[in-house]
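As written, the chain order gives the labels A, B, C, D and E, with residue 1 at the start of each chain.
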């Protein structure tokens, strides 16, 4: 299964002013893998995500997704091509209901035109109903269905995180990028999240790239791990290899884990 | 969906009832000209408010150039009826479409801008349009076009008011409208969800401008005369006040805002010296006591039983 | 539903409507005119009113907006049941009101709406039979000044600097240009500003560069005062000329006495005019409001006098009769001159040319039409 | 030192803290653990005067500080290092530290700043840099440093380890112990309950707005319930 | 050449007045992110207080310089108090409301001041004493310049520097910037947010008042609506320079003045404002946060 190359990042760099936040990074991710991305604060992990999802344009290098170059495409185009993400700082549509949050993510697949919606043609009703049904299904999976009419901003933190993941899944991605999904969760909640990630990966046939500082999560779920430091890739390998890598220990893990 | 439809039918029935009552009062001569014109003015303001709300309230794009679009509709429709003898409905459409095109032209480049910068750019566009009218002798320059036939009547404004409300409402309550709202809520996330944000901003601008143009045409054919000064930035602010006072992102709010503000302004007619003082005091007070506007983001619902619940929270199942 | 006239004639008072700019951008014009009108009503009523009835003003503010002007006159006619309306102060707002007045057959007198199309339908060329004005039309003043510049001041070249947001200003400029060139003069440049502008140096530098013999600035005192002041500061010494919009005591404060020397304008009357009408009016106005009347106040005052006279002549306060009587007005003495209406409802009256000299208006000449 | 009695806090209709009573003694590290949304942040905000309790009293150093304006509370030596760092991104590192000493009128501000710099040498390197451009860990150091500049008698820390690399998490906990040893009492809120309980003297467990457990830190760390609910074992 | 230089001087002199008004505008914006629409009207009130007090001091027979200093100080003090009162009554209750709601309140305050002015003072324009008589200077023969123009540019520049120093070097300035970024965190530093915001309004309004008096002296007139257009122009100038950035307001003001003068000087005075707006929009399209604004995109 790990044969088709899904994401191929080729020597990508990005600088801000004088600062090289990501420098000459190459990453290959195969279909179905679950990859971890770790590194000290400010190493450039989120910046790399931003490059992958079109928030920033690479200064140099190429990003191939499903053999297509996506470097510099607009975020919505990249999402439509099948890469979705969550954000390090939660970015839900706070004043909208939980269900609407998910329905918005289905928007790009909707087929009814503005014209149909304004004149309430049958295709509008059909389209909207489909969205609602699919949205509800997804919410059920994430155990959020009983809160579908709640405003997103009123959810507790953990549920907001789950909703963000659900919303990203609603875009039907091939590749899911998760930026610190366990931040602010206690160990117990982190474990539940770990189960959830494993489960959706199977259920939705996903490839996942994950940034996380919680080593219990990273080491347990990831197939392979990339380590960034000061914008550069300093190590890659299986969790076991990474844990013993002296450079990683020095820069990131510290003595005791 | 059943509930939506029921709501819709009740809404239509109530509107028709209002239409008929007013129409009867007009034909029986019970309403004086002044009150007829007040009702028409309210309706025109409703069209303006509801359409600007689509841009400002729902899509979250801070625009204060609505008077500019309105003026395009006003001038073009007036030229159409005056110089080309076009029938009124057609002339209105020409005005609306011209305003839509302007909305497109303005929308595309300026939507790179955010927040206050967008506001000042739209204000600038509005002023540029006004200055163009001011310097065009064909449309009368500073004194404007006069002798425009009085073709606007209650029936026409009512029809256009209903069309505006329905179109904006149907748009907003669809996946397309949600796309716009998601831009307001968090543009970066919206884009990450695959929403072509620029496209939807431009669409919101175009729909909003279309109805502003229609309102301009109706107003031109109501008050016989238009001049560039009627469409200066203060007019844009007036419309913005309607929208914010009613509640950003609430169509019912814009309707109420238009009614309340127009009525206050009209009722104060008898006190010319203190009219604007009271008007501005009321404005300040209303904002202090209802900072989210009279309606917040809530909408009218004809299910009166549920009102209480909706007041607190969006929990209706 | 033409009941307003009847009910009014049975009432104890005669109601006259006021549709003026009392708030908004040009509130200054409207409120001056209102001061004048109120004074006139007070004086007339003190003398027993008209046809034994007291006059009563119904006041509506048009907020300096055309559409509000329409609504104001609608209210005056349909709710207050006035028999005649005074307003508005600017041509644009008068035009807006005139359509309603025509439709409802209520006479309308604008104190200061000078544009030709106020009383004559632009498209059909027909005279609007219910619409009158108290002021000159634009061409007359422009012509007078065009002659004055060429003949009295012996100017060969002139610059024109107009208020582009005002038809009044444009109208005066147009006829000035025609008359001045007819007299062999040459217009070296035409420039414009907008109401509420405050800095005119850029354009004045341009004008100065062209070296005209006179500069014609047919605008309102607020801007003209600044223009003259700044012009003089920049070393422009040639005469400035203008129209009745200049007539305000504030001119001295804004421009300063010294800068005003060697400037001339055409006007309806001169407050220095020794005629008893003028002197009495200025005195009464000062007593009432503790300030010197400006041109708008005079015209507001005269507008009421005109309506009162028409009602008296008609012997009735019915709108149609007032209208007919207005059209017949001949040699009626007002503060702003002796008025006879011509066929286009424009008053034929003499103009005066006034020179500002050492902090005073000094009467220069009187020009008869 | 700090005594909280039967405090109730509401967000509109939401009852976020229900009859909460806790106590912090001089020289202690007390930790507060609990699930997401339990009300930990709410409690800290209430203590520092950002929120006003509906009922209940808060006594600090023998003085009733319930409902007092936040700056006054800061003056009395109770300093809150808020969740999510909240450094002033548009100000330089040094200016941030100076603001920490905003209310101080004494002349030792400079010395204290030197001390902070020697505790966090990284900050000294970056003292002219805009705080917003610091990495997460650096920002966290700055936030703690800034709080220390106010010479707290009681320091409230809200999830200081959130979002930090493991190596920094370790460092932060070391720093907290150091601060405590040099005489500052600490009330610590942490998701990383394991670590927190390791360095704390006593602990409280907050669950949906109520204190459900309290006791010596090492006792709680050994408790099966706590383990299952918060330590993920 | 002379012509061009003269026009440039004209442009700078108009521009420095825009800049002067824009300083206060931009400062208030920088701290509380409010487009204080009433700024132009506080400017008007300042001018009025200056007018009344100048006349009063003149009657007392003071030296022109002292008349100027007394009346500008008095007007700054009165306006500062007015600014603080307005903030307390009209803006403070809305501190947690959306920015657009506060903008509407600001529009209400603006209407109130304008129409209050019309009600109490009357709508007619009136003269404003020159206070300090202008001296004319001539450079290279015919290029003309007056003492007032030099004074305005000087005062504006000084105030710009002063303001920049206040905001960036003083304790209250630091508090202001802290409040502007994060009110709650500022509270935790022991900063009294209300006092800080009041101070901001006081300084902003005092600046507006100073501008009002100088404006009145320059153009020798006062009317209750005099603040509308300069207020709008100053807003444009502030945006042009990058709203919230103090030197930006200065440069933006000068730039706007020069654009306007240029358009007028080549004979298109009718299109002056149109061109100015068109240039503004073009600049914004290429520099979406103004000339000096850093285009900080939200960090994702």
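Definition applied: a residue touches a chain if its C-beta (ideal position, glycine included) is under 8 Å from a C-beta of that chain, and two chains touch if they have at least 3 such contacts.
Owing to the predicted nature of the structure, the values given are computational and were not obtained by experimental measurement.
Participant: Go through the assembly and pull out the chains touching chain B as well as chain C.
Facilitator: Looking at chain C and chain B together, the chains touching each of them are E.
Participant: Tell me the fewest steps from chain C to chain D, where a step is a jump to a chain it touches.
Facilitator: The fewest touching-chain steps linking chain C to chain D number 2.
Participant: If you apply the touch rule, which chains end up adjacent to both chain B and chain D?
Facilitator: Of all the chains present, those in contact with both chain B and chain D are A, E.
Participant: Which chain's centre, taken as the mean of its Cα atoms, is farthest from the centre of chain A?
Facilitator: C
Participant: Just the number, please: Cα centre separation of chain C and chain E in whole Å.
Facilitator: So the centre of chain C lies 36 Å away from the centre of chain E.
Participant: Give, as an integer number of Å, the spacing between the C-alpha centres of chain E and chain A.
Facilitator: About 48 Å separates the centre of chain A from that of chain E.
Participant: Please work out the Cα centroid separation of chain A and chain C, and write it as a whole number of Å.
Facilitator: Chain A and chain C have C-alpha centres separated by 73 Å.
Participant: State, to the nearest whole Å, the distance from the C-alpha centre of chain A to the C-alpha centre of chain B.
Facilitator: About 40 Å, centre to centre.
Participant: Could you say which residues in chain A touch two or more other chains, in rising order?
Facilitator: 55, 87-88
Participant: Could you check chain E for residues that touch two or more other chains and list them?
Facilitator: Those would be 115, 118, 270, 273, 300.
Participant: Touching at least two other chains at once: which residues of chain D meet that condition?
Facilitator: Residues of chain D touching two or more partner chains: there are none.
Participant: Taking the touch rule as given, give the residues of chain C at its contact with chain B in the complex, in rising order.
Facilitator: The contact residues of chain C facing chain B are 1, 22-23, 25, 59-61, 63-67, 70-72, 74-75, 77-79, 91-92, 95-96, 99-100, 103-104, 115, 117, 121-123, 164-167, 170.
Participant: Within their complex, state which residues of chain D touch chain E.
Facilitator: Touching chain E: residues 48-50, 69-71, 74-75, 79-82, 86-91, 95, 98-100, 102-103, 132, 146, 150 of chain D.
Participant: Going by the contact rule at the top, pick out the chain B residues touching chain E in the complex.
Facilitator: It is residues 56, 62, 109-110, 112-114, 116-117, 119-121, 124-125, 127-128, 131-132, 134-135, 188, 233, 237, 240-241, 244-245, 248, 273-277, 279-281, 283-284, 287-288, 291-293 of chain B that touch chain E.
Participant: For the complex, give me every residue of chain E touching chain C.
Facilitator: Going by the criterion above, the answer is residues 3, 6-7, 10-11, 13-14, 17, 115, 118, 122-128, 130, 134, 136, 142, 144, 146, 215, 219-221, 223, 225, 228-230, 260-262, 264-265, 267, 269-270, 273.
Participant: What residues on chain A touch chain B, complex-wise?
Facilitator: 53-55, 74-76, 79-80, 84-85, 87, 91-97, 100, 103-108, 110, 112, 114, 117-120, 124-125, 127-129, 131, 149-151, 154, 167-168, 170-171
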